[in-house]
Amino acid sequence: MNYSDTLTIANKPFSSRLFVGTGKFGSSKLMKDAIIASESQLATVALKRVNPDEKSEDIHSSLLTTGVNLLPNTSGVRTAKEAIFAAQLAREALQTNWIKLEIHPDPKYLLPDPIETLLAAKELVKLGFVVMPYIHADPVLCKRLEEVGCQCVMPLGSPIGSNKGLKTIDFLEIIIEQSNVPVIVDAGIGSPSHAAKAMEMGADAVLVNTAIAVAGDPVTMAKAFKLSVESGRMAYNSQLASEQTYATASSPLTCFLEEEL
Amino acid sequence: MNYSDTLTIANKPFSSRLFVGTGKFGSSKLMKDAIIASESQLATVALKRVNPDEKSEDIHSSLLTTGVNLLPNTSGVRTAKEAIFAAQLAREALQTNWIKLEIHPDPKYLLPDPIETLLAAKELVKLGFVVMPYIHADPVLCKRLEEVGCQCVMPLGSPIGSNKGLKTIDFLEIIIEQSNVPVIVDAGIGSPSHAAKAMEMGADAVLVNTAIAVAGDPVTMAKAFKLSVESGRMAYNSQLASEQTYATASSPLTCFLEEEL
Amino acid sequence: MNYSDTLTIANKPFSSRLFVGTGKFGSSKLMKDAIIASESQLATVALKRVNPDEKSEDIHSSLLTTGVNLLPNTSGVRTAKEAIFAAQLAREALQTNWIKLEIHPDPKYLLPDPIETLLAAKELVKLGFVVMPYIHADPVLCKRLEEVGCQCVMPLGSPIGSNKGLKTIDFLEIIIEQSNVPVIVDAGIGSPSHAAKAMEMGADAVLVNTAIAVAGDPVTMAKAFKLSVESGRMAYNSQLASEQTYATASSPLTCFLEEEL
Amino acid sequence: MNYSDTLTIANKPFSSRLFVGTGKFGSSKLMKDAIIASESQLATVALKRVNPDEKSEDIHSSLLTTGVNLLPNTSGVRTAKEAIFAAQLAREALQTNWIKLEIHPDPKYLLPDPIETLLAAKELVKLGFVVMPYIHADPVLCKRLEEVGCQCVMPLGSPIGSNKGLKTIDFLEIIIEQSNVPVIVDAGIGSPSHAAKAMEMGADAVLVNTAIAVAGDPVTMAKAFKLSVESGRMAYNSQLASEQTYATASSPLTCFLEEEL
């Protein structure tokens, strides 16, 4: 059996189902090494870091040498209008029409705004963007984003940077069941077991940033996430055994002593 | 940094931290192929299957060609006395003094008996066995088994064959914190994410049987478990980020629009 | 200390923090008896059941004799436009400007639509309604509903009728922390312990329907919910002890034997 | 329907299913008031506090005026031998042959020793005691304690004083299913919702100490626990609705608009 199944978003194939972020790393070198170790093919990057007029340009160039595709995000905006403006700046700066749409007016938990996100998504699709919206794990909202032309949906597992894992698991299940576009679990994934679980459930990919960037050893942690995402996908494809209420011996030797004695 | 850390039990080194069971597979061939795919170095086997007088001898020989070490278990016994007898039979049949001690009088959930297990462990250690006891996730019992000379402890995650995962997680944490011998989580692990979680917590190894044997594709599932165990161990070694109550942006671009506009 | 704290919504005081639904009961009599046993002061009712032109009018009258306030809901609508129309019909039929706003286009999980709900809420507030919106446990959406003038927010615990309890607990916590209007946990509460937990967290009230209506004995179950809601509120008011990692003996008699012997 | 079902232990009837502890209260008066508010009929007390030669005798007398039955515990002992000695001292001091058997050699988590507990239980039953053993939530151990004549079993929810709730829930379910003597969930219950959940599952009673004693307002918290235990028992008796995967509208008004418009 061949499980090298490919993820496709907007006609672009990905052999890796681990997407990564570029924030919070201790140094540019660490970030670059971790991304290489992750074997990810898509890395989100905040607009500021790729601003051609700033020193952070180095990061941009540095990332490009790894061969990873850059996915600009609109982090920091609070309204649809700001998001659309940011997306246009990003398209110009990075020469890509892909955009990770993040609109979070809330400064404490950075939770996304469903209304502004749908508004912005609709407009950005019209403007020719490949829109990847970061949103609450709200199944109805996911369907609406799909209907306006988003190329995937990116529901959260738990608040950004919290490392709490899949606190929305009951709703992620419904989203995965109902979606016609790829479902990428974004935000809150704090350990490889969280990532594996998302993939076992049938998520198409996961995005991890904080858990890699602030680990004791980010490079090894990146590799750990790579393995866990592959593992979870394999498990999904090879059909997990179901939960059982009663035990069944894996060593069904219930009577050997009677026979022997 | 080198994370190829080796697990040692009774002076025997293991590079793989995934132990496997041999029950419930659809065929001997499937079992053999799955064990090879798992890259496990230790496979439990019920005494009956290695009885020299039965046809099941084939299974024994078949397993030996894979290079995996065989760990006979006492599955099916209900008392310390029966367990000691079974261990002696196993030693003779398999030419090994390693024994996985399982005493479960309960036919419905196959849960282990703490009293008989401690009694048998004490005696088997005196008889020169390397004793690996399967027990409830009871931290006090684990210490007592360590004190009588067990070479590891094997607390359960959930009932055998239930695939429910780490339902004893709060007590596994205490066991791992307090143990001076390797802690191997046994029973109940139903998916790679469960195995990864156990390893992230600092378990020294996991034993998986049902989840591989009854998967849709046991060979690929075995490989998935291999990757998840490696992933979890790497994550443990490279220090997981802690959980946070409040969010911290991984893309700290909170003000770019003000600057730009 | 006096904990008879009163909940106020739109200047109307409630001494009971348990709201109930009227659907799914085996008979009108059972519904009426259960509502009386619950001591609830607010019962939701679907528009159809109070339609003056139908026989179901009996239910309406029957309910009124219990003294409970009726809260019409817009269940069955799929858009803001339909919801506004339904609310107006309900106002006329029931002579109340209170409306529970439910817009769920999804027939399988009956999950609410965030966009249409906000649209309808805004309009209904303008039309003079006391708007109580049923929504996903989305903290940003809750703030927006509060901003447009909703008198409370009603985030879900889990899908309607699922009895799964507080699957959104991490987000309910944030909603309760941030809200300036009462937070009423609605949908999914399947047992008194779920209701007690919601109240312990600081929810202002809970709405329960299915778990009472389809219980073996709905009248006793209604009473059980009444007690659990009171219990949870008392616990919230009297400050729960925090979780501890290590044990502390409640019977600190660590040395008595040394002294005695 | 009459749900005033009585719990019977060793032929003694209890109308309250909430047992309480007497440790950790800020003052004797607070303890006494909380016990009165709890309406409990059984309070555990450490031997030292009832020592006739000490000033703490006051506590003993004070408790007796409330009408609560005192249940001496062996807290502080580390072996069966010490426990038996402590039980005999308690019998003499308190003129009761009831004993709560606690043997916890572990000073950090105060977890009970299964081996010493079974040994002591066996002996104490022979000596005419009504033995109520505090133990890990180990179903096989519970059966063995029942077999040697214990009048109930008292499995833990989580470590004493941790307030973490029912972390052993999967095993409590099995214990409740299999037990022929009352099952009293002891240790770890940190809030009324935990107590309600234990009762909903079919536990016969719960024992609460820390969560009441260290609450902001112990007297009100005691009352909250009283209500939650009653609520949980009622729910158990009136048959909880089962969990559902898909939603079912409680307000099945799916088509009213079509009809109306």
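Letters A, B, C and D name the chains as they come in the text, with residue numbers starting at 1 for each one.
By our rule, a residue touches a chain if its C-beta (ideal position, glycine included) is under 8 Å from a C-beta of that chain, and two chains touch if they have at least 3 such contacts.
For each chain, UniProt lists the protein as follows: A, B, C, D = Thiazole synthase.
Being a predicted model, the structure only gives us computed values, none of them experimental.
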Checklist entry - What's the call on chain A versus chain B, same or different interface residues, using the half cut on shared numbers? => result same
Checklist outcome for this item: So, in whole Å, the Cα centroid of chain A is separated from that of chain D by 45
Item to check | Centre distance in Å when chain A and chain C are each reduced to the mean of their C-alpha atoms | outcome: 34
Item to check | Contacts with 2+ other chains: residues of chain A | outcome: 109, 111, 159, 164
Item to check | Chain-to-chain touches, reported pairwise for every pair that qualifies | outcome: A-B, A-C, B-D, C-D
Checklist entry - Can you name the residues of chain D that touch chain C in the complex? => result 1, 3, 21-24, 44-49, 51, 73, 75-77, 82, 85-86, 89, 102, 107-111, 159-164, 190-194, 196-197, 200, 209-211, 213-221, 223-225, 227-228, 230-232, 234-235, 237-257, 260-261
Next on the checklist: Can you tell me which positions in chain A touch chain C when the two form their complex?
Outcome noted: 104-106, 109, 111-115, 118, 136, 138-141, 143-144, 158-159, 164, 167-171, 174
